[in-house]
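See the structures that follow.
Across the two complexes that follow, chain A remains constant while its partner is chain B and subsequently chain C.
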Partner chain A sequence: MELISKILRKNALYLSHKCQDGNLQSVFSCLDVVWVLYDKIMNWSPELAQDADRDFFIISKGQATLALYPVLIEKGYFSMDEIAPQIGKFDSRYCIQTDLTKFEGGIENNAGSLGHGLPFAVGIANANKIKKSPSSVYVLCGDGEFCEGTMWESLIFASAKKLDNLTVIIDDNNSVGAMVDMGDMKAKLSAFNFDVIEVDGHDMKALEKTFKELKTLKNGKPKAVIAKTIRGYGSKTMIENDIWFHKSPNAEELDMLSKEVELA
Partner chain B sequence: MELRYTGGVAEKEPIQIFNETMRELFSEDDKVVYLDADLMGSLKTAQLWKDYPKNVFNCGIQEANMVGVAAGMYLNGFKPYIHSFSPFASRRIFDQVFLSIGYAQKSIRIIGSDAGIMATNNGGTHMSFEDVAMMRTVPNACVADVSDPTMFKALLKLTKDRNGVTYIRTARRNLKDIYMPDEKFEIGKGKLLKDGNDVTIVACGIMVATALEAAKELEKDGISAQVVDVVTIKPLDEDLILACARKTKNIIVCENANILGGLTSAVCELTSAKYPVRVKGIGINDSYGCVGSEDFLRKKYGLTIENIILQVKELLR
Partner chain C sequence: MRRAFLKRVAEMIRNEADTTFFTVDIGMWAIRDVLKEFPDRCTNVGIYEDGMFSIAAGMARRGLVPTIFGIQPYLVERTLEQIKMDLAYQKLGVNVIGTGAAVDYPKYGYSHYCAEDLHVIKAIPGCEFIAPGSAKQFIQLFNQTYRNGHPTFFRVSDHPNQNNDPDVEFGKAVVMQKGSKATVIAVSIMLDAVMEVCKGKDVTVLYYTTLEPFDRETLGQYYNNGKILVVEPEFEGSLTFDITKSFEGKPVQIESVAFPREIFRNYGTYEEKMQYYGLTKENIEKKLEVLIRV
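Here is the complex of A and B:
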């Protein structure tokens, strides 16, 4: 695993430990995707956080908010010293589900009630088209989130409006498989007239190449990236134990899991 | 105040008013957009769509997504108006309205048409009695029940730049003209339409005209009733309602919605805390809708001139 992947994961572990909350399996499955977007793809920096033509990152799978803070810390938007003592405190602005009401820029949406982020992202992309803004919109969704009806409503709208400035990323960590068989998502998305690419969601080079390739396709079709990921990726213990879907580490576990990440 | 109420059907139906007003709004402000979920036929807005393709969007039958899309468009500077039948413009989209708009500090104007019994032949599935109660619970939301086409136009224009959730429920047809065409409206300001001493009839929406008729009949029996159109159920014109409570000590509330959480509740919440008087609600008493003509449904739920007269007399006995 690349050095940055280890740093991000260790920071997510630490934040989860500090607030005694979080869905770490889900965070670890999408961290590499979020990092590549902010580091290599998006027209975004702390200075551009309120620029009208910035690229947007919408986290529709709100349970993975602890993936966003470490990335924004590395990008210099937040500092660990600011977040760590505050996260999870009563009425804190740092929640384990993003809460935009407490920020001016940086956090683009409220997450938590699933099926909200994608419609919101589609609206931003639609407005950008009308305004002829160069902005691109990236929205991270869970595979399970596609059980929500609004997700499919949004796909229809995005495709009808030819929103090729929209990229829907599915963090395909096979969490939905335990509930329902979603079938062939690639075929489904293609049938909705999306350009679809499947990629290893932990291979940063492959992710970068995929996003760059899609960005060049100004063909009137919205984009979808099915990121094949592993829940808890980077920690053997977390991969093997689903209790880490919603569990935070105590001091001992923090130490143990951090070491696992270091050696991964 | 001067009214043009005659009891006859309005010169212009709400549908026509909506089309005219949106045209005016589009030409005044190119950031105004109107989104519909496949009910453009109901508002007869097909021509509007043709004439303003950059301002009008038909999202298809997807009300919840339409709200999320509106939130995103608001973020990028647009001023969305959305429309559906009132149950779909409230109950079906409530989570999106609450979180994607309200909590997320976005702004939207929602037009819920065919409110309450005005869904008539579409029956119980389309008959929203609960929408007022639900929307009142969204912090800082504005909830209005349209009583006359002039008011509808004023509300559409007044709320263009209003922050937060605005919910405007209206009939699509069969409203009466109440106000003069140049009447001025304000959010949170009710209208005292008729003065009186014995009882105040506080009404909203289609019940305002009914209340005016009932007050006229009551005069014949020597009962002096004053009539208030609240215009907005939330924010409620507290000063006006309290002044009425002090003056007449008796209040009858008339609404085309469930009295649980509706205007009746709003009036009781206010008076019980600040000036307790007897309040009686005429509205839907915790039941579902059904198929029927407006006449039939008015009789079924007691939204008639006769029932107002009866309830006033019982209250004053």
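Here is the complex of A and C:
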């Protein structure tokens, strides 16, 4: 695992420990995707956080919101010294889910309830078209989230409005393995007239190449990336024990899991 | 009222480049020209209320002024979580115009009835609820609010007042007459009936078209021994919290003329329903008499 992947995961573990809450399996499955977007793909930097034409990152799978802070810390927008003592506290602006009304930039939406972020992102992408803004929109969804009807409804709208400034990323960590069989997602998304690419969601080079390739396609078709990921990736314990879907580490576990990440 | 609204929308889309309009497959004929001329900002999205709220919220996030038009029960009940999460929680302004007020589709059954709309919207803090009593009032209230950055719900009735049409201001009650024996709250399209009953009587009549936020200050000035009659074309008790809060600390006796809290399983005409559920002059007169006497 690349050094940055280890740093991001260790910081996520630390924040979950400080907050005493979190969905770490889900955070670990998408961290590499979120990092590549912020580091290599999006027109975004701390200086551009309120720029009218910045790219937008919308988190639809709200249970992985904790992935945002480590990424924005590494990008220099937030600092660990500010977040760690505050996260989860009564009056804090930092917690397991975000509240954009407490921020001026950096946080683009409120997540938590599933099936909202994707249509919200579609609205932003549609507004970008109306405003003739070069801003692109990236939205991170869960594979299980596609059980929600609003997901499919918004795909119809995105396709009808030819939103080629929209990229839907599915963090395909096999959640639906435990739910209903969703069938062939690639075929389904293609049938909705999306350009679809499947990629290893932990291979940063492959992710970068995929996003860059899709960015060049100004063909009136919205984009979808099915990122094949592993829940808890980077920690053997977390991969093997589903209790880590919703569990935060105590001091001892923090130490043990951080060591696992270090050696991954 | 519906015609006035659609005319206003067409004008808005033509003249204001940051406005957008989405209809869930109704009212297209009246705005067919702008639908054709401005397809990017004026769209028939189809039968799609819940996701449309999230999409509209996304557009509001980018500084646009979205307005959605649809049928009231689908706009305020199917979409409840979108109202909560995407609009109220994120403090994003979307205008929601609903036709089919209460029992305006009298033959369609409970799927199309929506006397509970005000009660539902009042459950989500930060939303505004407006029930104009005439086309003129709709335009006045829409113009005052459509850019205010809040989720605003308009209840458009097909049965406006015919004889009473005062100018109205968002968030303010209109004092129609002053008296000392009781205070009558006339809501939206019930104003004509209330005025017919109350004219010449020693009672205060307050006319409300903004139901959330409710003008507690004006009501609070007309205590009249705590005798309050509320005449509202919604579920009974939708305004009780606001009325008691208006007189905090003082006892109030509330009588109401309103739709009962039950599933309506009848059909027939609008008039038959208003008669059956007692939203009539006769019932207003009767309730007022009892209130004053007891």
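Keep this in mind: the second predicted complex is superposed on the first by the 264 of 264 C-alpha atoms of A that agree within 3 Å, B and C clash if a C-alpha of one lies under 4 Å from a C-alpha of the other, contacts with A are read in each partner's own complex, and residues count from 1 in each chain.
Note that in this section a contact is a pair of C-beta atoms (placed from the backbone, for glycine too) under 8 Å apart; a residue touches a chain by one contact, two chains touch by 3 or more.
Owing to the predicted nature of the structure, the values given are computational and were not obtained by experimental measurement.
Steric overlap between chain B and chain C is present once the structures are superposed on chain A.
Once the two complexes are laid over each other on the shared chain, residue contacts for A:Asn109 go to chain B and to chain C alike.
Of the two partner chains, chain C is the only one that A:Lys129 touches; chain B does not reach it.
By the touch criterion stated above, A:Thr101 is placed in contact with chain B and with chain C alike.
Within the superposed three-chain model, A:Pro119 lies in touch with chain B and with chain C [touch as defined at top]. In the superposition on chain A, contact of A:Thr150 is made with both chain B and chain C.
In the superposition on chain A, the residues of chain A contacted by chain B and by chain C overlap at 100-101, 109-110, 112-113, 116, 118-128, 130-131, 133, 149-150, 153-154, 156-157.
Across the complex, chain A meets chain B through its residues 52, 100-101, 109-110, 112-113, 115-116, 118-128, 130-131, 133, 149-150, 153-154, 156-157, 160. Across the complex, chain A meets chain C through its residues 99-101, 108-110, 112-113, 116, 118-131, 133, 149-150, 153-154, 156-157. Across the complex, chain A is touched by residues 54, 57, 59-60, 62, 64-78, 95-96, 99-100, 103-105 of chain B. Remark: chain C residues 20, 40-41, 45, 48, 50-52, 54-64, 81-82, 85-86, 89-91 touch chain A in the complex.
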